[in-house]
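A, B, C and D are the chain letters, set down in written order, and residue numbers restart from 1 in every chain.
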Amino acid sequence: MGRLTQRLWGAEFHSPVFLASGTCGYGEEVAELIPLNDLGGIVTKAVSLEPRPGNPPHRVAETPGGMINAIGLQNVGLERFRDEKLPWLRENLTRAHVFINVVGRTAEEFGAVVAGLDDADGFLGYEINVSCPNVRGGTLFGTDPEALSELVRRVRGTTERPLIVKLTPNVPDIGIFARVCEEAGADGLSTINTFPGMLIDVEARRPVIGNVTGGVSGPAILPMGVLLTWQAAQAVDLPIFGIGGIRSASDALQYILAGASLVQVGTALFVDPDVALDIHHGIEDYMERHDVNQLTDLIGALEIPGHE
Amino acid sequence: MGRLTQRLWGAEFHSPVFLASGTCGYGEEVAELIPLNDLGGIVTKAVSLEPRPGNPPHRVAETPGGMINAIGLQNVGLERFRDEKLPWLRENLTRAHVFINVVGRTAEEFGAVVAGLDDADGFLGYEINVSCPNVRGGTLFGTDPEALSELVRRVRGTTERPLIVKLTPNVPDIGIFARVCEEAGADGLSTINTFPGMLIDVEARRPVIGNVTGGVSGPAILPMGVLLTWQAAQAVDLPIFGIGGIRSASDALQYILAGASLVQVGTALFVDPDVALDIHHGIEDYMERHDVNQLTDLIGALEIPGHE
Amino acid sequence: MSAPCRLLARVTSNRRTAADTFWLELDAPAIAATAEPGQFVMLGLGLDDVAAPFLPRPFSVGWRDEAGRIGLLIRQFGPGTHRLASLSPGDEALLLGPLGRGFRWEQDQPLVCVAGGVGLAPFLFLAPEARRSGSKVSILYGEQTADRVFDPYLIEELTGVRPDVYTDDGTAGKAGRVVDAVDRTAGSNLYGCGPTPMLRALERRAREANLPLQVSVEEHMGCGIGTCQGCVVRSSSGEWIKSCTDGPVFDREELAWAD
Amino acid sequence: MSAPCRLLARVTSNRRTAADTFWLELDAPAIAATAEPGQFVMLGLGLDDVAAPFLPRPFSVGWRDEAGRIGLLIRQFGPGTHRLASLSPGDEALLLGPLGRGFRWEQDQPLVCVAGGVGLAPFLFLAPEARRSGSKVSILYGEQTADRVFDPYLIEELTGVRPDVYTDDGTAGKAGRVVDAVDRTAGSNLYGCGPTPMLRALERRAREANLPLQVSVEEHMGCGIGTCQGCVVRSSSGEWIKSCTDGPVFDREELAWAD
């Protein structure tokens, strides 16, 4: 059993490095470039009840130290995902774990997607993407504790599988939302999703992004992601996926020391598909240098001078 | 009267470019390097009722595409500011305007600072920094609508001068806070302050910043700042200082097109003290190229396809 | 279409070819061996720093040789291409490719390549390949001004075809828009690459003259390999389709041209 | 202390002097003319891109000449200094300086400069200036290993002083810690620059031997000119004082050394 191996949610994870939702498609698209089974696993592109057309272009653009995107959750929908995408994952991801990123407009819709997938094979659990508008409340599920609580309970009621809630970064106190998820029965958290942003083409006096606003990701958000992960880890006992701007082993280790059990790499994959595996090996090297035998000894091992 | 001139709060601003609070001291420190009177003006380092010692080092460090700081609002306090710093500003900033950045632990404390400064000369108005903990509520004033409303009313009651409220970025809907300020009698807004963040030295397994957490600034936050400025401008009719990651005329123009009447440059000053004046001239060049005769024609002039 | 590969490629040469334009050659055997005309590469500088281009940038393969080198014709557009312009021999860059679906052609059909600006790039690769397969090829090449024109003799050297050059202001070649020259090409297959407004005009011409047209479109890209869904264009059936994997080359009938 | 100025300086040379260490010369007349030993510059690459070093980095002035050039001895520490190492002659960099309060000395007092690693830099400038004013100067210079040592003959050429070299592992010069050599310097004024732990040890020695000591401290900096309050160190009276304007050189009595 390797240094990086850990057991979570009754499963064995031989690597803490995952590919983030929306940056690795449904796995198949990157399989020629990335040896998925050498990684901890992947989180799929968002899956909704019905197919979604997505937003008009431009959907992506570079920003200082990162990028902005507004894909609009374009996806094939529950049925085609289950019938066309999941089989490939079941056959090919023998060692890597799969989490399905789920979106919906109402708690019922989230529940329906999960219910429609639950007895299929080929994945371990769900990552609930609450950074999307709640048709009922208008606000994002991820910024409204009541809506979030109701959503998590609803989904919890429909599955026994590991249920991860992916939190929204633009809240004053993420600990509140972390606790709401824990109390509502979530098995884990993902921190964090993209930051809302906007880019303007000053020559044309128009937004660069077809959807006007988008989500900012990449190295630019690393220090925010590390803090939010640390705050979430302080608030609950759930395992956490650390996400945001990771492009090196030392970035990943910042999240792990802050309290993340696993990490996800997104934007950096576009720059270099090798980055995920490089990070895996970089963490191994770090552990050898510092002679740490178990990854779990590093999780949350941040020392705060004066706070013993 | 130059292309860039506009009247706000009864005063004439011959340039929209200001130096941001905390990045130009009390003016005097940068006077040898930056021709302050060629700019719109400056916002002073925060002033509190009593002097503040500030945080232990490290107080600053670079982050991807920006920096993180936790100065701890170290400042000389109301009295010494009034007696030692304000006279220099009065004598030397003949054309540039001065806003005093004010902090406190309670609404009373904010009120006391303003009351203690109000009849002195050498400045135009106040920028209220609400990104600081509210001793009463525990939360930040800037993330708690009630506390914010009470604070603004309190300060409003003590001064006739232009009262600007500088908003905190890590909220789900900045429009709510913008409206609270407008209703409570604020004359303008500043969007935005730094994003809470954290940086970890993985070799030492300790936070890089002595205060553990800090505020992230610089180009990395530009797209977030532009969006928050646009959202605030949609919500209220107040003039707005656009702030966050500005390092070029085109960055400044993004904020102006999004709805900012004025902009503040912070972190970029550390990289190049000439940047503020370069931006002023760059905006002038842009207006000539697009033959725009008045800056006011650009404020909020963003065109959203389909939304006429 | 063969599997794309990721490789750290050494720059073998970088020459300025016109105002704001340079010709970049890289040592990329795996890509040179399998690239087809119309395919592109994602060119980036890796993850060591976050300066633009942080995201890799898409560029059409403009040339390849047996020694395993590829050539890219790049115009300085914004910060990313500006920094790429400073690459010197020996520098390393990160390449992903070959990517996308290239041009299709039949031996017996004459090809008329209509290039706007650096839209010339893919035709520098298509023309010789098509001619080798026995097709007749002509190139209509438009630029705004003379100082931006890629040396016609060099084009002839690379492709075996002497291009008809057009400039908006007539400072080089014939005066006028390259699309207007299409009238005199009845009976042949059109291939277009250039700015979107030019492609729109070209499509209108092709539709009116009822000529077959393949266009290489440009849209912002994230991944270049079909995962991010960032690069969509509107299909004739109204869906958003990926220009990086379904394209970048499309038959005009595949796309929705309404603006 | 004369007013700092901001200038775009051309790199005139960049030579590797030891493992991870390089000697950078820039054309900076305004700074060369007024810099004093112990003062520093903020060296950055401007705002065109956001790669590290985005914030400028502080470096001690290590040399200056009548031709208006200055020299910096820089060790590759992290991404910022790593990128600075690739500067070549002709490249432009942004300089702010001269900054801070330098070393103070009296003619008749012998100076003993205790340098740890690239803490040697300011003494390459202090030694010749102090000798010119008639003072006797000696240099104690410690590094971890031989491959990091700045050529002693070059030091002698630059300063007129042959340094006593120490390495932790004895691979060059004498084996041992440079601070231990201080015992043999009674009756002289100590000047220290190097890693904080070394300065702490040195301060203890100076206090015990009751010798005057000036140290040049290192703290993260934002502005370098006193505006950001980022660079504070603890004063003996318990306040946070700015190392960029009150320092970087302090008398040992000015600082709180308790850890």
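As a convention for this text, a contact is a pair of C-beta atoms (placed from the backbone, for glycine too) under 8 Å apart; a residue touches a chain by one contact, two chains touch by 3 or more.
Note that this is a predicted model, so its numbers are computed, not measured.
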Given chain A and chain B, the chains that contact each of them: none
Chain labels contacting chain A and also chain C: none
Centre-to-centre distance between chain C and chain B (centres being mean Cα positions), rounded to whole Å: 46
Chain centre separation (chain B, chain D; CA means) in Å: 36
Averaged-CA centre spacing for the pair chain D and chain C, given as whole angstrom: 53
Touching two or more other chains - residue numbers and ranges from chain C: 50, 52
Sequence positions of chain B contacting 2 or more other chains: 64-66, 218-220
Chain-level touch network, classified as line, ring, star, complete or other: ring
Full enumeration of touching chain pairs: A-B, A-C, B-D, C-D
Chain B to chain A touching residues, read off their complex: 63-66, 68, 139-140, 143-144, 168-173, 195-200, 202, 204-207, 212-214, 216, 218-224, 226-227, 230, 245, 250, 253-254, 257-258, 286, 301-305
Chain C-facing residues of chain D, complex: 48-52, 79, 83
Partner chain C, residues of chain A touching it in the complex: 22-25, 29-30, 32-33, 45, 53-54, 56-62, 64-67, 69, 71, 74, 218-220, 247-248, 267-275
In the complex with chain B, residue positions of chain D that touch it: 3-6, 44, 46-47, 50, 52-56, 80, 94, 96, 219-234, 239-240
